[in-house]
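Below you'll find the structures, each written out as structure tokens.
Here chain A shows up in two complexes: once beside chain B, once beside chain C.
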Partner chain A sequence: MSTTAATASAAALPVESSTATLAGKALTIGLVGLALTAIGLFVSGAQIVATSYLVGITYWVAIAIGLLLLVLIHHITDASWSVVIRRQWEHALSAFTWLAVLFLPLLILAWMKPGLIWPWMDLGHEIHGGGTVGADVLYQKKSGFLSLKMFTGATLIFFGTWIWLSARLRQASFAQDADGDAKWTHKNRVTSALGIPLTALTLSFAAIYWVKSLEYHWFSTMYGVWFFTNCMRGGLSVGIIMMMWLLNRGDYKGGVYNANHLHCISTLAFAFTVFWAYITFSQYFLIWNANVPEETFWYNLREVNADGTPNQWKYVGIIAILFGHFFVPFLLMLSYRFKTTPHIIRRIALWILAVILVDLCYNILPALKDAHGDPQPFFSITLVWVLTSVIGIGGVCAWSYLKSFPTTKLIPIRDPRVVESLTHHE
Partner chain B sequence: MAHAEHAAAPAILQEVNPAVLPRAVLVANNRSFSWITEKICGIIEGKTPAWWWIFFGVAVFVASFTVAGITYLIATGVGVWGHANPVNWAWDIVNFVFWIGIGHAGTLISAILCLLRQKWRTSINRSAEAMTIFAVVCAAIFPVFHVGRVWYAWYLFPIPNSNVIWQNFRSPLEWDVFAVSTYGTVSVLFWYVGLLPDLATLRDRFYAAGDKFRSFLYGLFAMGWRGSNRHWSNYEMAYMILAGISTPLVLSVHTIVSFDFAVSLLPGWHTTIFPPYFVAGAIFSGFGMVLTLMLPLRAVYHLEDLITQYHIDCMCKITLATGTIVGYAYAMEFFIAWYSANPYEGFTFINRAFGPYAWAYWIMITCNVLTPQFFWSRRVRQNTTLVWVLSIFVNVGMWFERFVIIVTSLARDFLPSSWGYYSPSIVEIFTFFGTFGVFSTLFLLFIRFLPIMPMAELKAVTPQADVHGGSDHH
Partner chain C sequence: MAAPSYGLIATFDTAPGLYRAAQQVRDAGYRNWDCITPLPVHGLDKAMGLKRSIVPRISLAGGITGFVTGMTMVWWTDAFDYPLLVGGKPMFSPMFAFPVSYELTILFTAFATIIGMFVVNGLPMHYHPVLKHDHIRRGMDDTFFIVIEARDPRFNLANTSALLAQAGGKDIKELET
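What follows is the complex of A and B.
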């Protein structure tokens, strides 16, 4: 590309200079969702609604982490194909601040009513089988880590790290639009080199604190990697949906988009589908094969009740997790045509987003138990509060994205690899 | 997928004004196609250098240690190895995993980097693939001879109803047989398919030079390659299919190797992160070995224009990334051993760090976690001697990783009264030491008789081959 090319014109801006109306709708939907979730407190009680809300916030945080990782990996590998869609990922990163705000109710609840969501926070909490958390030797051994103060501090550090990294990446990328200085690319590479290990650590410990510790007896070294795979799949799926949305709106006219971009992101989504299956299978297989009660109880909870009868989670595991999360997207995305046909890949991406939500439900909701110690069923009122939480938090995230969207060029027009990206071919 | 967007002229090109940040060239100094052919073929066609004979002699001598070790073992029995209760598995499986792991970088470079369209792989993929095959050969020595009566090694294969004995299909050791043999086969195929155009080049050059015998030999293995459109089309398709097959295969091999340990109930072995952790470690060790081999080769044959500083940077960065992933796994294992509140798990990891094998543990940590961190520095990456030295540390560290995992868990398990301390016997030391000779011998033969770089692929990444004329249009 000649460096004497004309200065960027308004055509590189989004089709509509403002998405205020859409952003307003998203915020309204978000607030309605959150309000409905709040109403749920009076219908189903704080424990059920708060646990459902944990599913919702973890879901959107996972997606945001996935998008953060995509930007970090883009910079560290000096990738070119993704330049034209990277800007949308950057806009989405603005949601981290709001996600932090939306996590606060859980923190406040944890301090006001310890043990409501995470049983180990209440030392007097009665554990199934008798005794209290405080008297439980397994808790005592790990009490240095599982303390409310540590949990709060760690959560603040997680969000602080993600917000800081996002702000640096966005600021440098947007600044490059103005002055075209290559130093911003170098800055983002440095941010990425630091950001990848920091994100790996924070997402791992977020998964341990927020999700795994719901059953604090249970442990698995793979858990952070499992969460990472869902983050990546979520980020890639949202990335695909963003591309398709812009394509439908007509923003990607003039040669911004070509099918090879879609092929690249879809192929990555395919690769992470396989990787997710690899990680999830490995964890399950090694625990099933060793058959040690201190590990298998976590899966047993998700298969059978105390009286030996199968529960709903068993079928969720087989139908939604095994087939829905792996086989369906895997088989569909084997096809080149499906990966590069906008309306098909968009549906596959929506499907993946749906099964990620079910996967999080599978990991979180069985923490809600009845008097016999059996998990609450999947199909229950809880699912309603999960959906209202997901819609509520998702609406706020979409609003944040749409609010950021019109503030910059549609694509990073002065990125050093932008021409390679625009002319990307196989 | 003939979308209109694809066919349309990218009008937006007129509206962008990118910052200037040129990409590194993959073939330096604007070398021509003929220069590349002369350079690579010249290594094979020229007179065998004196250093090659010296190194070959030393390598064969070192390899004889393996021959001596296994001859003594066959004549005497597996008892000549240092295994004794409670450590009944030690250097045999350590060395097997070590060599198998080294092979992984070859497949990563050939297959995974190919699928990821990383063009810098072209300078190193041929040698790395060769390294994979030779590493698998070295790895195979250990399980085959560990069966004791090696003439019964064929029992490993599920030949129907042989002696009415069936293999234990539930054992990951049996899965290893299938995984490694498939991996070896596909690696050879991948390597061989890539060699075809270059073998044909050598055939034609020897023919032109009047060397009918060598022309015949290379021609035989070139399988009638003529470089036609159809040949190239089939070649590209075969290469892509093999890359697609190799990618899950390479992940499965070390996953199954990790299952050898993780399916057990032994503290320190049974942990769910083992599969991806072993794969990352394998790639890490493989890149260590690629650097160990390629840097001297670059210096001896003056290949600086083909293995540029950019290539070294890339290899160092992958080593840094995978080393850090391995460090994450070590930390997570340690943390979860504590978090699990399982006293046996906790003890095992404390014992690793501060027990009788602490020296091995800290060598592992130093070499695998700390050493690669030097690659953050551009100055270090630009010092090829230092990079080479650090790559040796990686090799050493990854051997110790397997030693630490395997031996420390066995030497002090659940029953303190049966604890012991394992030391290898001289026969084991001979056998393992000799495998470096086996590996080096094969590698020296490779660089003498086969093109060490894929000439055709290298030419495709030169600026001259760029359809846009070498400008920064992609």
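What follows is the complex of A and C.
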């Protein structure tokens, strides 16, 4: 045990190869992506680009929330296996500040041009089928919740909560590297007890305000949980990719990492694949079974045009959501070998990250309607701006992670459970 | 010898001693042998050259059987044997058959896993030749054993005994069946 710990702490010294150049590259890619998205404003107009940008920001916020939840769950369950990887999650949490900054354009746009992205913000907005939002009884009943001021305040509270929790978790964990005091572990446990319900509430309301309210007529009690499962799957996939990145770089030499750590995180990713399917299917099934027009219209939009012909979203739903998001990762991750072979699980993680993006597109983009009230197709210019937004915001997040990366040791070497984690075995 | 022998048993005092001996027995090419330990020894399965269990495959077969049973049952009862229109829904749809199929998938997977585990382990087993060994109860407390069965193709009383002795085994004894 002691020899393992000694070699591990040698490997945990500040890494030799600098990440500064990599961080610079990430920032360049990010800024280029954001610039291209901005150019899109002149090509496709503000509505299409802003909605695409909403996909991008929601995607990275979801992943960051997933990582935040992983750290919170780690502390509340007093987990040991995840000590060696937790530090990377903490580095990634630094991105919340930048995500808040990057969300500001959407808030400003909401005030400048209400109704452009979220139709209910403009009471004079003509709804499909006649009438205005202001005269719509379904809006009037929800107007206490769906108001621009509430939306703005809530968004600020969401980011405030996530930034505050992240800062507390990071500060305590980094401080422990210096003095090795167990009080930091206890402090983080308290933060987590408070943080888990706060994060659960904020992520649910964020999903409702940012995504679900695009079609405010709709009802679904599953929506917050649906978003939660995507957060967890995104966070776990990014966690796997960070582990494999460090493994390939050689940071884990000297006994820091073993296949059992990978098996643990992959098994969690597998579990959340099943949970995602359970939630997503339940939402669809309950609406299908009850067959109430107030609910079914949301899925009808994603299957058929007004004239009854199937649209692209139908095939996105079957191919990408049902098979791509569930069956493919589920069947692959049943295998122990796939879960513990670095280059295979890394590809599965990348695949999951790609289909989460498609899932968000499926939930957000059909809010953009054409002249007949039909949703814009999946394969359109919109997808280009989704990709530039995802690359742009992702580049900034990667830069934030890489900038934080060299500031501390690779693993929390004085965590009370670090030796238990280094010798982790299934 | 009059009675046929089950095999040889050797005693080890420490887990590392057993671990190294297991590696030697594995490298000597034996197949029908086992370790008896009072506690789980991490990595012993690799030292023994054991492959992963086939139980997960039995579980998968059980799961697929359960899923197919559920879908078929709902189709048979609702759409074929006694067609019944409920709530304006189709006679058969994988949608409403899914909850039942999903539950049966889990149930049959659990059955297959438990039964598969018992069958693969040869359980229930009310008698085993090692129980005749004088100190076998210490295998539940503080002592480690390696048992090499006589049915192993490489088994040879003199050579196997020498291997166990050379690997550090003490109190090497022959077991009756």
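We take it that the second predicted complex is superposed on the first by the 412 of 426 C-alpha atoms of A that agree within 3 Å, B and C clash if a C-alpha of one lies under 4 Å from a C-alpha of the other, contacts with A are read in each partner's own complex, and residues count from 1 in each chain.
FYI, a contact is a pair of C-beta atoms (placed from the backbone, for glycine too) under 8 Å apart; a residue touches a chain by one contact, two chains touch by 3 or more.
Treat the numbers as computed from the prediction; the structure is a model and nothing was measured.
S.K.: Comparing chain C with chain B, which touches more residues belonging to chain A?
M.R.: Touched residues of chain A are more numerous for B.
S.K.: For A:334 in the superposed arrangement: first (chain B), second (chain C), both or neither?
M.R.: second
S.K.: Should A:137 be classified as contacting the first partner (chain B), the second (chain C), both, or neither?
M.R.: First partner only, chain B.
S.K.: Given the touch rule stated above, what does A:419 touch, chain B (first), chain C (second), both, or neither?
M.R.: The first partner, chain B, only.
S.K.: Given the touch rule stated above, what does A:204 touch, chain B (first), chain C (second), both, or neither?
M.R.: first
S.K.: A:289 in the overlay: touching chain B, chain C, both, or neither? Say first, second, both or neither.
M.R.: both
S.K.: Just checking: does A:126 make contact with chain B only, chain C only, both, or neither of them? Give me first, second, both or neither.
M.R.: neither
S.K.: Where on chain A do the contacts with chain B and the contacts with chain C coincide?
M.R.: Looking at chain A, the two contact sets intersect at 289, 336, 425.
S.K.: Over in the complex, which chain B residues touch chain A? Could you list them?
M.R.: Interface residues on chain B, with respect to chain A: 1, 3, 5-6, 8-21, 23, 248, 251, 255, 259, 262-265, 270-276, 324, 328-329, 332-333, 336, 338-342, 376, 471-474.
S.K.: List the residues on chain C that touch chain A in their complex, please.
M.R.: My answer: residues 42-43, 52, 56, 60, 87-89, 95-96, 98-99.
S.K.: Quick check: in the complex, which residue numbers of chain A touch chain B?
M.R.: 1, 3, 5-9, 11-12, 78, 80, 137-138, 141-142, 145, 176, 180-182, 184-185, 193, 197, 200-201, 204, 208, 219-225, 247, 252, 254-260, 263, 274, 278-279, 282-283, 286-287, 289-290, 292, 294, 336-337, 340-341, 411, 413-425
S.K.: Which chain A residues qualify as touching chain C in the complex?
M.R.: Touch list, chain A to chain C: 281, 284-285, 288-289, 291, 334, 336, 425.
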